[in-house]
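Chains: A, B, C and D, in written order; residue numbering restarts at 1 for each.
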Amino acid sequence: MFIYQKVIENPGAYSFEITKLGVPALLSPVKGREFVSDDELIAFSSQVKNIERLFHLGTFPAFQKAGPREKIFHDPAWTKAAIVTCGGLCPGLNDVIKGLVKILALDYGVGTIYGIRYGYQGLSPKYRHEPFLLTPEMVDGIHELGGTILGSSRGNQDVSEMVETLIRHDINILFCIGGDGTLKGARDIAVEAMKRNQKISVIGIPKTIDNDLAFVEKTFGYETAVYQTFDIITCAHNEAEGAYNGISIVKLMGRDSGFIAAAATLANSVADFCLVPEIDFDIDGDHGLYAALNRALDKNRHAVIVVAEGAGQKFFKERSETKDASGNVLHSDIGIYLKDELNRRFKAEKKEFSIKYFDPSYLIRSVAAQGTDAIFCHMLAENAVHAAMAGKTNCLIGHWNNFFTHVPIPLATIERRKIYPEEALWKGVVSATRQNDYFGY
Amino acid sequence: MFIYQKVIENPGAYSFEITKLGVPALLSPVKGREFVSDDELIAFSSQVKNIERLFHLGTFPAFQKAGPREKIFHDPAWTKAAIVTCGGLCPGLNDVIKGLVKILALDYGVGTIYGIRYGYQGLSPKYRHEPFLLTPEMVDGIHELGGTILGSSRGNQDVSEMVETLIRHDINILFCIGGDGTLKGARDIAVEAMKRNQKISVIGIPKTIDNDLAFVEKTFGYETAVYQTFDIITCAHNEAEGAYNGISIVKLMGRDSGFIAAAATLANSVADFCLVPEIDFDIDGDHGLYAALNRALDKNRHAVIVVAEGAGQKFFKERSETKDASGNVLHSDIGIYLKDELNRRFKAEKKEFSIKYFDPSYLIRSVAAQGTDAIFCHMLAENAVHAAMAGKTNCLIGHWNNFFTHVPIPLATIERRKIYPEEALWKGVVSATRQNDYFGY
Amino acid sequence: MFIYQKVIENPGAYSFEITKLGVPALLSPVKGREFVSDDELIAFSSQVKNIERLFHLGTFPAFQKAGPREKIFHDPAWTKAAIVTCGGLCPGLNDVIKGLVKILALDYGVGTIYGIRYGYQGLSPKYRHEPFLLTPEMVDGIHELGGTILGSSRGNQDVSEMVETLIRHDINILFCIGGDGTLKGARDIAVEAMKRNQKISVIGIPKTIDNDLAFVEKTFGYETAVYQTFDIITCAHNEAEGAYNGISIVKLMGRDSGFIAAAATLANSVADFCLVPEIDFDIDGDHGLYAALNRALDKNRHAVIVVAEGAGQKFFKERSETKDASGNVLHSDIGIYLKDELNRRFKAEKKEFSIKYFDPSYLIRSVAAQGTDAIFCHMLAENAVHAAMAGKTNCLIGHWNNFFTHVPIPLATIERRKIYPEEALWKGVVSATRQNDYFGY
Amino acid sequence: MFIYQKVIENPGAYSFEITKLGVPALLSPVKGREFVSDDELIAFSSQVKNIERLFHLGTFPAFQKAGPREKIFHDPAWTKAAIVTCGGLCPGLNDVIKGLVKILALDYGVGTIYGIRYGYQGLSPKYRHEPFLLTPEMVDGIHELGGTILGSSRGNQDVSEMVETLIRHDINILFCIGGDGTLKGARDIAVEAMKRNQKISVIGIPKTIDNDLAFVEKTFGYETAVYQTFDIITCAHNEAEGAYNGISIVKLMGRDSGFIAAAATLANSVADFCLVPEIDFDIDGDHGLYAALNRALDKNRHAVIVVAEGAGQKFFKERSETKDASGNVLHSDIGIYLKDELNRRFKAEKKEFSIKYFDPSYLIRSVAAQGTDAIFCHMLAENAVHAAMAGKTNCLIGHWNNFFTHVPIPLATIERRKIYPEEALWKGVVSATRQNDYFGY
């Protein structure tokens, strides 16, 4: 991936420290675990050629290893923790909440855990959303439910107001579960609290169903989301096969990156095209989608197109220049755009065809995390609690080379990870779809 | 239901005969079964009060019982059968195809079974869709697949052309699996063949996922469709709960009747509103949807609206009178209409809210039939073969009071079944949603 | 079915009345419904030949139609209802509980509803199981859970003790959800209460996953159970195909009747044998299972055997005569018996083979009811409440010819329904498996 | 994990080379990929403290990176490849087969690909299992099916015979998909072929649903298996809750390691006990399972026990010493053993209880791989083809620190990976179940 090369070549440019509220001085009440020290690091690259080069450079990029610390900063007896979930739904939100509550209450003995309602709105008094008090008993079965028991909202609130809410309620630990915007909000809260000399640990748990955080190799919910696409792709294939020149267009998540679209295509390899933001394509011309689609139809009499929501955004720029009054919704929806554009061309050529459009995003986002993804949520939560109790702040829990890591929020939000066309995932997609043959490359 | 009363009161008005191509003279090769005679009838009503009244009237409405006949009309050794699937996908199409092929080949010894491709198009030479030859081995695993292995198309073709295709290929049995339009096509083929003195049995297997055929109490695919809605309603509920004043609108099938919407609402009783074509509603006013929705939100802070695609069609009539230039697509889609209208009102009132729209139709239609629904498909197919071999034509296989029946196609296509507001299904919906309280009735 | 013929021939022998505690005198608070009078009856048979014969006999067998009555017996303001679930798990228990609570509380305004814990044990003071108080809010989401929130137990308790518990707590309505034994217990409670001149309505909701109640054409949970078998049969088929002469034996529920086994076989028609209690079979001899299995293996190199738990019980009688010390468990389990016996014969003949045994019963019983089955549960509950409030007792809610019915418990427990080999279900199984060819019939 | 420490401390002890049949001299026909050179290595450890230590030792343990090579050894035009699947079913077998066929045929242009039937038996002439010829069209839909289209068998065959079969049919590439025993067989075939100076690439694709290969961090099928356990654990919980002192025992795969049991417990955290081979336990005594179970029942009135099949094997050693005549089957099944032993103790104490036993192994093994697991299968297959075409032999495709690797088979089969009690997975299990509290530790 792109970011990867940059770190290897210039590791110093990505130098960030994990912020600590102070020196941890209390013995951890956690029993029977191997404690991890702050000195333990996970190498950025596990490729020997990179390790050798970086060793010679002297600045060896690495992440701090997450895990329970022998000494903690916050006194559990005085600790009041709060949990907030922000942004769109994602499988695993309730698993993370359950994990946080269980570890806080049962491993550390924290007695007061607030569930903040409806995202950052719940930290702003003007919305009057009263928080819950969360207990281990309350959260016992929530891992079987999709969504978030806390509710969510989009957007940030006034930082100063939010920090005042925390202070007013003596909250010294805040867990922020959310995407890019949420994490930036968490960063601002952490910084503002420090400015006011408040010892508040703000720990992020990154939530992006698109799995495209630059310094985190895997985010929760993604795996379940990919599983969830399997039957949808089968349905799209059945619909396409059911008509002469039947075409199914499946729009999947992925505003900036096409990981879910690519994974869905490869996991249930009956699709003929996968369109992602990272790979440019045209509609017209000999190498365009319309010509390619016609080649696919000539061969199979049906075709399935998987398209990430962020693919082909160039079409909307062109369009908005020419058409001023056009609504926002139609313009940004590549799925509907493709449906309309292909429709128009087929009709103009008086071809027999049939297009069906699938937009299953909410049916993917809102299910419960399962299997290994649910385990991942639990472990993120566990490590978030360890980080918080040890007095870290302005950091999030990442995963790198099979270890959970501490990642400074300012680092994690620098850039998004993208599909790199030369890598195995995209190569697999091209091999499974054979779309390059249709595009004429 | 409405039709019901009319039959009870004036049974003579619904007098139709099952058409026979001739006198069945060959002994059936079917072994080990109880044969059914053409005299066996299934009463229209099983309510004693109706039975008594009708007995006195002298014309007792009843259906001919389906099943294997002791004597058959078509000689299996000379029989060439054909199967065609038309219209939109529906769970169970492949089960019906599999059942037809297995019973024809293994129970009757019919050697030639054509799979007509892409609906009635496959009977018109101008489309050049070559038919398959279907064998029991080929269809062995197709019940696990959604869709139809034959492909489908909408609309009818020239009747004369289709009958000529049948004659040219010596096809003496045609099974037409499809909805209202398809069945009318089947009727026309049957009538045209008879006019030309061709001994062609045309047997319909009614396919309406909406389960709204007037003289057939249950159609295949409906049951699986209702099962399929369960997780979708849960997802919609999760999305609604996940936001402050979160609203999920789920559009389900049901152009003329709301059976699927009502069943989905009752099966997973977390929805707050169910809107169907049979029950009128307004958007504005004290008893309107907007007011009702606000009452629901005031109580629960979220709401789920299930809406059948044919609900609220009056809004489009009004609209098209006042707004001339408006596009076709937006007008006929009640789901998007509601989303837009509610959106506008909430915004105008500057309320905090969030609407999510679900249109899962293709994800319901295209799955494989399961469980008791798959069994139902098998039995429809079996009875269709018995009817065909016995030389019936212009009839379809229905189900009434727990028996499979022969229904003349002209009768079956008279009228559609609708939800009757006083009956248990709708009462259950009202009870489960408590929507009348919200509407203020 | 057998019982059917007997009723047609001698309807007088099955004459039972629905017991009423007294004359209903209060106006029902239920709004907007069509009330049903006690005179409305549903004919036992909807076949015209039977109707004609029975009319002439003068005693026309019919069930009382269930539904809301205009006048009720119990005063909602003074009513205390109780719900008890008994016997093994079955999909839909929680739907029925939810339905009962919602209708009692919201339609009738009953304020006190006890959830009796762990079956009839909860009515016996010696077990000290404290009851719950059930509210509409508490039961709101339970339809998504399998099992029963009340817990269950097998077996009856002392009738006198149970009635005293009801009296002590002023309970005037008891809903008993369970099978044959439970319903007999409910009958005894009803009779004992009447003897003591207590106005207690005891209403049964029949629960038999095997769907084999004689005067009830469909019981809740059966449909979901059949859906649940689909993937299990696929897995069994995959395992069988995965080995040379691979054999999968799937034992399904069905102690006295083979409905689930037959339905599972027909719904996912990849099985080669279906063995049920109603159809005798041998293991040895030219028409025996071993020879048949070898014929199937010679053809396909693998075979799937579905066996109902009550099939082949004759083998255990023989065995226990010869082997005295043998344990109970092994003897009554036909699945393990077949596995062992086939194993022994293959080994003796030094054949290459591999047998896998599936016993998925608990994975079927313990899931939540879905789709149309969940709706059926709701309607059973609704009708049970109507019956109870109207002062019926010692009856259960049945379903017949598409109507919900009142069935006297003594009638319902006379005999079990069985697969009738000449009927469509079994014919379909024989046709789908082609097992008669293998057995050499 | 144990093996880990040993490698870190004494990396030289694990020095193995990847065997090459000769110098690759042909240009690869693979287009548009970044080629990987044999010098590219993936570090054994990504922990900086280990990297530093190892660098100073001079022997830095690392795996050869897998991927397409610029020059290949086998000429595609002359290549005949064969695929064999061995041992028990595992999700993903068909994905791997599909991937191998697609990449061989479409990326390399290999024209002849044999599917060997029923494991190594298919390479021994005495079984007379004729191979398939596999084409890309044939395998197109097999990823949706569980099991293996090739069939499988357990155990190895005579190496000399198998090599002769390969030679007789001019097969120069053999892919062996299987577990420990299969891989040892693959190793023997590779060595024997080299002895005979035959240029045959033998590439292993490791299949262990238990995910316990020492030098491979993840094996295919494991992830799907863990997903598959989710509903089973829910069912077990429903059954346990449904009875007073209800106990469900769920036996899961894991002969030598408890990864699936631990993962299942953590993924659906409603279990109370997780018993694995790596952690010793007793049944009696104050810290024994019986006492622990009673503590759990006193708290919750129900309990779920998840047990790996290899847990508590010490009980069988003791038993077989005392009881000589006892059968093999009962002895080695820890699930049934626990059921019987607990049963006996509860009965002796005359406690009210109910035990249900779940053995879902075949329902987990035989499903199709989904989601990210299916992608993993595709990539394993792709890398296996690259390794084979490049002339590697006696090696398998592994995965380490996010890269696909070449692992010499003799290395991979040295030892099995086990749960390390101090690590996060087991800690999570202990935290989710709270079983140490019950055991009194």
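The rule is simple: a contact is a pair of C-beta atoms (placed from the backbone, for glycine too) under 8 Å apart; a residue touches a chain by one contact, two chains touch by 3 or more.
Predicted model, so just to flag it, every value in this text is computed and none were measured.
Novice: Give me the set of chains touching subunit C intersected with the set touching subunit D.
Specialist: none
Novice: Taking the mean of the C-alpha atoms as each chain's centre, how many Å separate subunit B from subunit D?
Specialist: It comes to 47 Å between the two C-alpha centres.
Novice: Any idea how many Å lie between the Cα centroids of subunit A and subunit B?
Specialist: A distance of 41 Å separates the two centres.
Novice: I'd like the Å distance between the centres of subunit A and subunit D, where a centre is the mean of that chain's Cα atoms.
Specialist: About 29 Å separates the centre of subunit A from that of subunit D.
Novice: Find every residue in subunit A that makes contact with two or more other chains and list them.
Specialist: 234
Novice: Please categorise the chain-chain contact pattern as a line, ring, star, complete graph or other.
Specialist: Its topology is that of a ring.
Novice: Output every touching chain pair, sorted by label.
Specialist: Touching chain pairs, listed by label, are A-B, A-D, B-C, C-D.
Novice: Going by the contact rule set out above, which residues of subunit D touch subunit A in the complex?
Specialist: 32-34, 39-43, 46-49, 51, 55, 60, 62, 65, 67, 98, 102-103, 106-107, 140-141, 143-144, 217, 223-224, 226-230, 234, 263, 266-270, 370-372, 374-375, 378-379, 382, 400-404, 422-425, 427-428, 430-432, 434, 436
Novice: Touching subunit A in the complex: which residues of subunit B?
Specialist: 89, 117-118, 121, 127, 129, 145-148, 151-153, 231-232, 234-239, 241-244, 246, 248, 301, 352, 356, 358-360, 362-363, 365-367
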